[in-house]
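In the two assemblies presented below, subunit A is common to both, partnered first by subunit B and then by subunit C.
Moving on, here comes the complex of A and B:
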């Protein structure tokens, strides 16, 4: 038994003996949010270095050694010490609230994300802050909160660029939450459960990316649009809308908004990993060597992040009307087709 | 069609917003204001305001001696500094009644084409950032680096080269230049072809650019647009062919045209023109005659006989002309510049009508205007 299992054993022991203690849940929640927070930092760093490699430039290379490891800390210090400007005509509470809501919706999503599924003393325990029967619906619902944040920011900033970005975002989300929801339902149909842990366990023999590739493609594109990355970053298209909904933000408020985006991107990577890439189910390439499930989860999350960055390096940006066309005319029919497919296969599987 | 046709006269309706784009905005190469009346994302009316960095260059030139004007012509537009030097020098040479030496003519063609190459590379690069394709911008700047180093090896500076002189050029080629140039140009040619193929085959890029901002040949000629935007409409108008200056008569090259007149065609023209420029440079290096690179006697104080001259050149951006009137003194009596970017800027508002806000970036960047030259 390795150190990892001892730690997990202790955690799970405390968790299992005292399942309703808010303190235990609070501590675990803090740990998990910290882990995803660290994931977002890793993503920012990867975005700079990996994107730099693909664009034949170096990326950060001064602060913290030649790999620029402390660049993020330097940025954070800069953002914290900058003047906090609230525009005179802004709706103050909406303006202040928007980055908080954006980050909060990310935090809420983390609550149901399982990192591993441990078998200890004859029982299975999911390493998650909260295990719900309908966790995937919860995830979908909470991720929708981020739209409010962008709309609050857009409306509260009293800037035309921000308002345009907020309009774009709402239009985009209406078109893309639907195919995303339908492809999640397809997965749930195949796994016979709305619980993410059950969904991952259902992939122990075959991952859903192989069982329903169409669903994966639809889900991936919809998720890209959801987190607003190129080619779907119309809400912060620099050359059109300056910085989109974050135009009027400065200092740490802008930092929070920026960080919330990366937080959402990391949670999106987790969603893809868990729902389509088999979560903690490893590849059968390493024989009898025991590799903890959390390793697989993190490795897959990092690969998904790198794919996000790769897409950013390789593609230009769609125009907003084209984005909405794709959502309604391509993704929704494909998602419905995939629902039919997964229902048939799911019934045969059962 | 005139500038008055695209003025915003009425206040916006309740369903419309007046978007005041500029004078500082990420899509702009320099300060100008684009007032857009938009309904949702659709542009209903557009109006362009220029003059934020007006420098009064033409008036300044009337107060400088002919030699003092020469370095200032670089500053009209730093991306076309060689062309500007050349067109000015040819004007003054005509007034003085002298001719540059053969070798100087080849050197000027060589630097003009290098100048066109680096201008097009940066122009396409800026365009790609405006459609959200940052990677291609960095690739373009990487390719441009080689071209700029070639210019630096001849002229001694990376920007504002100030290379042409009355009756010649400032200095000769450095030793070993031909080998170095052929190597760098070979690499750049390969990369340009690969970037062109990559962009033309990208479905998102094609959807963003094909059929967007269509300029017809008639509109283009009414608005005085020349250069790549005009050739993209199918008009085979290139001063290098229509009115061959320097040694373009002896060189073999194609005039690149496309027929669509949209954003895609304009960028495609630039891509193909770069390949032609490389071909011209290769010919120049092969055919370069030996001999002096400048006239033996160049007067220190230039006093042309009274008279007037209009010299023009195919600039990277279009047709650049300079009209000089001499009254026999050492300073021009009247100086007038006809810039290509002014005409392409003028064509911008009509192209935007009916388009989307997102198209502003693509169309403006595909016209490859230069505010520094518009507000000269």
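Moving on, here comes the complex of A and C:
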């Protein structure tokens, strides 16, 4: 029994067997949200640095030493000190509410993300803020709330650019939620469960990226569209729409709206890791060396984040009509095909 | 001692009643749509209080995620003439 287990044993005593455990769980939830927030900060920094590398630039290199480590803090201070402008014609409640709804949807998603699954004193414990029987359905439902944030921002701004971006976003989302839902259902069929912990446990022999590669491709593309990253960032196409739905925002409100997107991207990396890349199931290459599951999860999440950044550097942006074509004419048939495949394989395994 | 569940029930009910009145009363059709969405989410909260998590999540998925977005899509395609005086 290593140090890791002793620490986890103490944590289990504090969180699971204590009469105050609901309150402590709330504190844990705050900590996990903070950790994912830090993850989003890391992603912003990595994105600026690696995009710089890929485009033969240097990237941030002034604030905080050679690698610009304090650049984000400088940016945050700048955003806090800027004037907070609300346009005179804006719909005030929708305008103020939009960043709040965007971040809330991200925070709610974090609640069911498991980081590890520990066997301690004859019991299994999932290291998660909350464990639900239907956590994957919950993730899908709550991630859909982010559409409202963009719509509120776009409509509330009373700006043509912002409204166009909101229109595009709703049209895009109607098409892309369906293949995403179908590929999640295929995974649930194969794992015989809607619980993310059980889905990851079902991947202990074979990861779902190998068992249903088509589903992975569909899910990955739909998720890229869901978090609105290149090549699906028509909602904030700089060349056409200034800054899309965030055109009229300034100061920290813009900062929150911008940050909510990265928060969603990090949560999306967690979803890909847990649903298709085996979560805390390690690769056999490490042999007998014991590596705690949480490190596997974080390593895979960082790899997925790097792939997001790499795609952003490599691909141009689609036109909005092409995006909708891809969603309805390609992804949905492929997702249905994958559902058939995973049902057959799932029944054979059962 | 009264059941503590009455407190979240009362809060959710008041929000639901208020927002469903606002669906009918508000001048702008977009506000009506958003109040409608809030009412539907309140219904999901009531299902959670009844310890029916699955139906609560499906309520959010179907009514908020699909029908709510469809209502907004319809609102988006209508004109905004009433507001320009």
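Following the convention adopted for this analysis, the second predicted complex is superposed on the first by the 342 of 350 C-alpha atoms of A that agree within 3 Å, B and C clash if a C-alpha of one lies under 4 Å from a C-alpha of the other, contacts with A are read in each partner's own complex, and residues count from 1 in each chain.
We adopt the following convention: contacts are C-beta pairs under 8 Å (C-beta built on N, C-alpha and C of every residue); 3 or more make two chains touch, one makes a residue touch a chain.
Being a predicted model, the structure only gives us computed values, none of them experimental.
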Q.
By the touch definition at the top of the document, which applies to A:73: first (subunit B), second (subunit C), both, or neither?
A. neither
(Q) Contact-wise, after the overlay, does A:148 reach subunit B, subunit C, both or neither (first, second, both, neither)? (A) second
Q | Partner chain in contact with A:344 - subunit B first, subunit C second, else both or neither | A | neither
Q | First (subunit B), second (subunit C), both or neither touched by A:321 | A | first
Q: Check whether A:330 is in contact with subunit B, with subunit C, with both or with neither, and answer first, second, both or neither.
A: neither
Q: Pick one for A:7: touches subunit B only (first), subunit C only (second), both, or neither.
A: neither
Q | First, second, both or neither for A:283, with subunit B first and subunit C second | A | neither
Q: Determine where on subunit A the residues touched by subunit B overlap those touched by subunit C, and list them.
A: 167
Q | List of subunit B residues in touch with subunit A within their complex | A | 17, 19-20, 25-27, 40-41, 128-135, 138-139, 142, 202, 204-205, 207-208, 356-361, 365
Q. Which of the residues in subunit A come into contact with subunit C in the complex?
A. 91, 94, 132-134, 137-138, 140-142, 144-145, 147-148, 151-152, 155, 166-167, 170-171, 173-174, 177
**Q.** Contact set on subunit C toward subunit A in their complex
**A.** 28, 30, 34, 37, 53-54, 57-58, 60-61, 64-66, 68-70, 72-73, 76
Q.
Per the contact definition, I'd like the list of subunit A residues that touch subunit B in the complex.
A. 54-57, 160, 164, 167-168, 230-231, 233-234, 237-242, 313-322
